[in-house]
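Per-chain numbering from 1; labels A, B and C assigned in written order.
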Amino acid sequence: MRITSILFTAAIISGLAHAEKLAVEKDELKLGFIKLTDCAPIVIAKEKGFFDDEGLSVEVIAQSNWKVLLDNVITGNIDGAHMLSGQPIAATIGIGTKAEVVTPFTMDMNGNGVTVSNSVWEQMQENDPDLDSDKPTHPISSASLKPIVDDMLAEGKKLQLGMVFPVSTHNYQLRYWLAASEIHPGFYSESDVAGRTDAEVELSVTPPPQMPATLEAGTISGYCVGEPWNQQAIAKGIGVPVTTSYDIWKNNPEKVFGVTRKFADENPLTLLALTKALIRAGKWLDETDSSGKLTNREEACRILSQPNYVGADYDIIKNSMTGTFMFQKTDVRDMPDFNVFFKYDCTYPWYSDGVWFLTQMRRWGQISEAKPASWYAEIAKKVYLPGVYMKAAKMLVEEGELTAAELPKTEDGYKPATKDFIDGNEYDGKKPIEYLNSFKIGIKDEGALSGK
Amino acid sequence: MVPQIQFPTLTADLIMKYKILKAIDISGLNFLSPVVRLIAQEDPRKQLHEIGRFIIVPIVAFAAFLFLWSALAPKHRTKAGEVPTPGVVWDASKGVWLFHKRETAKADAYLMNSAERRKTLQQATTRLARLDALEAEANRQISDIKAASKEKFDAYVAPSKTAYDAKRAEFRTAKINRENSLKEKAALLATQGTDARIAYLARIRENAVTTEQEKEQLKLLKTTYTEAQTKTFPEVKKAQQAITKLAEERQFLSKYSEMLGAGSRESKTTESESLLAESKNKFLTATDGDFYRLGNTVVKSEDLLATTETSHYAKPWTLPKQIVRSLLCVFTGFLVASAIAIPIGILCGLSPTFMAAMTPFIALFKPVSPLVWLPIIMIIVGGFMPEPENHWLVKALDHVPILKNYKVDPMFLSSALTVALCSLWATLVNTALGVASIEKDHLNVAKVLRLGFTARLFKIVIPTALPLIFAGLRISLAVGWMVLVAAEILSTSQGIGKFVNDMYTNGSSESFAQMFVVVFIVGIIGMFLDRIMIIFQRLVSFDTAGSAI
Amino acid sequence: MPFLELDNVSIGFGPESDRVDILKDVNLSVSENEFVAVIGFSGSGKSTLVSLLAGLEPPTSGTVSMGGKAVTRAGPERGVMFQSYSLLPWLTVFGNIEMAVKSVFREYSRTEAKAHVERYIEMVHLTPARDKKPHELSGGMRQRVSLARTLAMQPEVLLLDEPLSALDALTRAVLQDEILQIWEQEKRTVVLITNDVDEAILMADRIIPLTMGPAATLAEPFPVTLARPRDRRALNDSIEYQHLKTDITTYLLDLNREARSLRSKTIFQMPDIAPRTFKLPPVKLGGNRKPASRAS
């Protein structure tokens, strides 16, 4: 493969002069981001001079929505961007815009929340009196939402929920949360690109910044979105965050840094330099003192609150970024892992993460035909570039920016099987078909399993 | 015997006065003419009256508007935010400007020479040191205020909370009691007849109704309680704002100092130079080893030095720069529109057949919204520019003096073309009308003088149509300016529209105020553009009756 | 020897089948350097006559010729001074004249052209208003500009289409004198169209009445034998002048009466037709009209 050979050459050059900067092919870059707190690694790498250290002059440009962002990356208006994990995969397999997009770096884990409107929250409290307290027990499942959905269905209506993009982590997380209590979120199909076939609730796309206003207007009754939009809702009294993506899947992969394959092929050293800077930014964001307190997050919040970055009020960003999360005015909890930028080998582009998104795309019908397990692995290997990551990380170790202990330890790029889901279902990235078939709601691929 | 025509003799003062008055008339700033006349002591009573009407009245009206705005704005609030008062908007505009100034300072710092750098760094460090004390003080203050307001808050929330908790406990017990008593009675039903059983049903119904009523009551109390929780105290808000201001300054100063120090271009160049020297030395002095590798390193270091020497701070787009880009974009679109509309308009005016051919297009495309044009144009422009950075047009425009600083990209071109498509109609129709309304006598003059087609076009036809062409251009520019902001919002092309979209997306407490800032900026610029067009229109209109306002 | 000639010229409008003649069978011959005045009521087709002479409109039948050659198009050799001045409003006095000079004398250098233009501005006494735009000038001054422009082209024939009719009496008198004075200096063939008998007698060598339209034609000319240069104050006492004026006026009034009676006849001669179908009847309405006979 061409990319590996180039990387190999890069390794020789960098190996010999590790104290020197990489001779990047392109030193003036434009990176795109969406105004969400998890764009932090890009912003921090710029503001803390990590890009500069690599000899990169980077302009960071806000994009208005995920579609525009992806289109801009594909057309080359911007060189790389903060992307939803599902986007490079979907683009590569041709859901939506078809283009080969790759990622050498996972930007963060967790960080999303599900918020419902005040009235839905009240009804949930009626259905489950335990919720009617200043600090209800977590995690909150969608079981108390089920009667509301059923009542509405009986009246011939469907509960309307918002998410940010058809191939967003939010879509899959919201669906996972609903389906875990047997609320059917609907299938996608060739003829139903809105994903509402058999749906008991209707999910629609709303840009993140418009979520609170849309919720207040009553167009939707709840949404799944990244920060600061859940904290905005509770701060302004528009809605109540009921659960977070951390509760749905502990330490789930969230955003990635994506570039086109063309860019990666033509600028291997630039990509390596970018990855190095981003890893350093992730590490900086997760720096803790001896007591385990996140030391750099307040400064990060200050930077993110600048109008050219996330731009939301410092206090709102701080709510979730500094290790706490406000569920109700009376219920502010410590969630040290609400945003993870480096810990738990978070930044490594795990093949198993890619496979998980593929299983969810298949589960809800975005992938219209059954595929063998090998296909899942193949696509993950096409999109995720752990080789670039490891090269960058090793260079950082040599430069003394990382310790050897901070390198992810993995043989094959797959995380071990885990049951850290809200429904306790087990996920093993090497067995996608079994995983698909283990769900109560969702498309199952019996044939593919027995046939191949 | 032939009488000489007498012209009034003019004094220098009078000439001056007439010149000023003419300038005022041409620029359409007629409200100023009474002032000039008053200074020239021409019928002071009348002038004062005019000043009252044309200057004082508008000022009073605007003041009344500001007063109403500041009085009404605080009364209108939604959960998403509140309508900013004029004061808040003014503060927001200062904030926007401060951001611009700081980013410009950073960009300057990056390029400063060492003497200047040291001096500025000194100032920044001093200020940073002072900030420590200021921040400590502010933090102390806010903790006091917060403690005080916490008590106030608790006291404020307490009654509604107690009421809610008490009622909830009461209703819960009542409900359990009712259910228990119903269950007791149920035990007896086995031996009782139909009447009793039916009566029992009624009791169950009654219980359900009571429970429902209690729920409603509880809901009301809950609402009061939740609303009480959203109570904020202005002093806390103020103290927080003060802290935010200081923290932002610290953020800026620390980055600024870095850029004045190790992050400056000069420091980086020095670093690269020493790297180069080192690698060169290695290459030249090495006795054995891989000379290919060492040589390569030297060349790479040379390249690195070259890029470092010409590097710039990647400054984020700030509103002033975005405004300039919007203006460039609107003028680009406007020029394209004029270049299309005027020739076609002239042809339409000259030839009824051509006009007939064009009519369906004009009728069909004129009413189409920019929001529809933009995506279509984006696809078309994108099709022509698969690799924008390597496209000849983008490369060529990178050498145009002003444009090169504003990064002409496909988005810019799409926005400009959208502006062009939406604004060209007014010019086209007006030009056609202007050309068609040419006087027959003038054409006769052309015939007598045996003017050729081109001479006739440029000496008779176009001059005749000019006032109407300019009237059309004026409308086009106004339309274009309106369209542009929408196009930029949709295309995320850098400019005022992008600023609006970004600020809206920020969803910060200042967002609404920033939108108001944009309203005024867009309005004022639009007004200026219109004024400029009025001046042009007046300059080309040969009759005295140039249109006012 | 006739210099400018109309030979059996007719002009009309409308389709062949339904033509309305404006001028019919017009014959005119003007000798070189002769000053001819054509006089008639408004609406009788005077301006059309000028258009024909200038070559702005081709005749429907007959020929217009100048110096023996047929006139097919307009040109600077027949300068026209229009009733409505026809100045280009966006040009100054100088600019208007300059445009004419530059198009006629293409070979002139910049300085030659400037001197030429200025000479004619001086000739009409407009030098102080040289840089004014037409809308800044009075009607009389505008017509002076128009005159200067026409003269600056140095035409062989000057066609004056009611040049003074829009002006007040005093200005008109002044301009009449000026035109006459210039004509005395630079003799030209002039055709003056006017509706003012005094003006015609004052200026022309020959006065030709135009009969009432439609299908107007030129009547027998009245020669003016008054000695030149003519002084308007002296003319008032001249017997010859008074006779001539009375003759022409009477003639014109008779023409008017005849025309009116013709018109009333036309009303009674309305054809009594009712269409049986919605197709247009093949009746030639124009054919019923009686051409105005030439009065003797």
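As a convention for this text, contacts are C-beta pairs under 8 Å (C-beta built on N, C-alpha and C of every residue); 3 or more make two chains touch, one makes a residue touch a chain.
Because the structure is a prediction, the values reported are computed rather than measured.
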Farthest-lying chain, centroid of Cα atoms versus that of subunit A: C
Most central chain, Cα average position: B
Euclidean distance of C-alpha centroids - subunit B vs subunit C, Å: 64
Distance from subunit C to subunit A - Cα centre to Cα centre, in angstrom: 90
Centre-to-centre distance between subunit B and subunit A (centres being mean Cα positions), rounded to whole Å: 31
For the subunit A and subunit B complex, residues of the former touching the latter: 13, 16-17, 20-21, 23, 27-28, 35, 46-47, 49, 52, 55, 57-64, 68, 72, 75-77, 118, 122, 126, 207, 209, 212-213, 216, 228-229, 232, 236-238, 299, 302-303, 305-308, 310-316, 329-330
Subunit B partner contacts - residues on subunit C that touch it in the complex: 51, 54-56, 73-76, 78-80, 82, 84, 86, 88-91, 99-100, 103-104, 125-126, 128-129, 133-135, 141, 153, 174, 177-178, 181
Interface residues, subunit B side, partner subunit C - complex: 1-5, 7, 439, 441-442, 444-445, 447-451, 455, 459-460, 463-464, 466, 540, 542-544
Residues on subunit B engaged by subunit A in the complex (per definition of touch): 78-81, 96, 99, 215, 219, 222, 226-227, 229-230, 240, 244, 247-248, 251, 255, 258, 263, 268, 275, 279, 293, 296-297, 300-301, 303-304, 307-308, 311-314, 316-318, 382, 386-389, 409-411, 489, 492, 501-510, 514
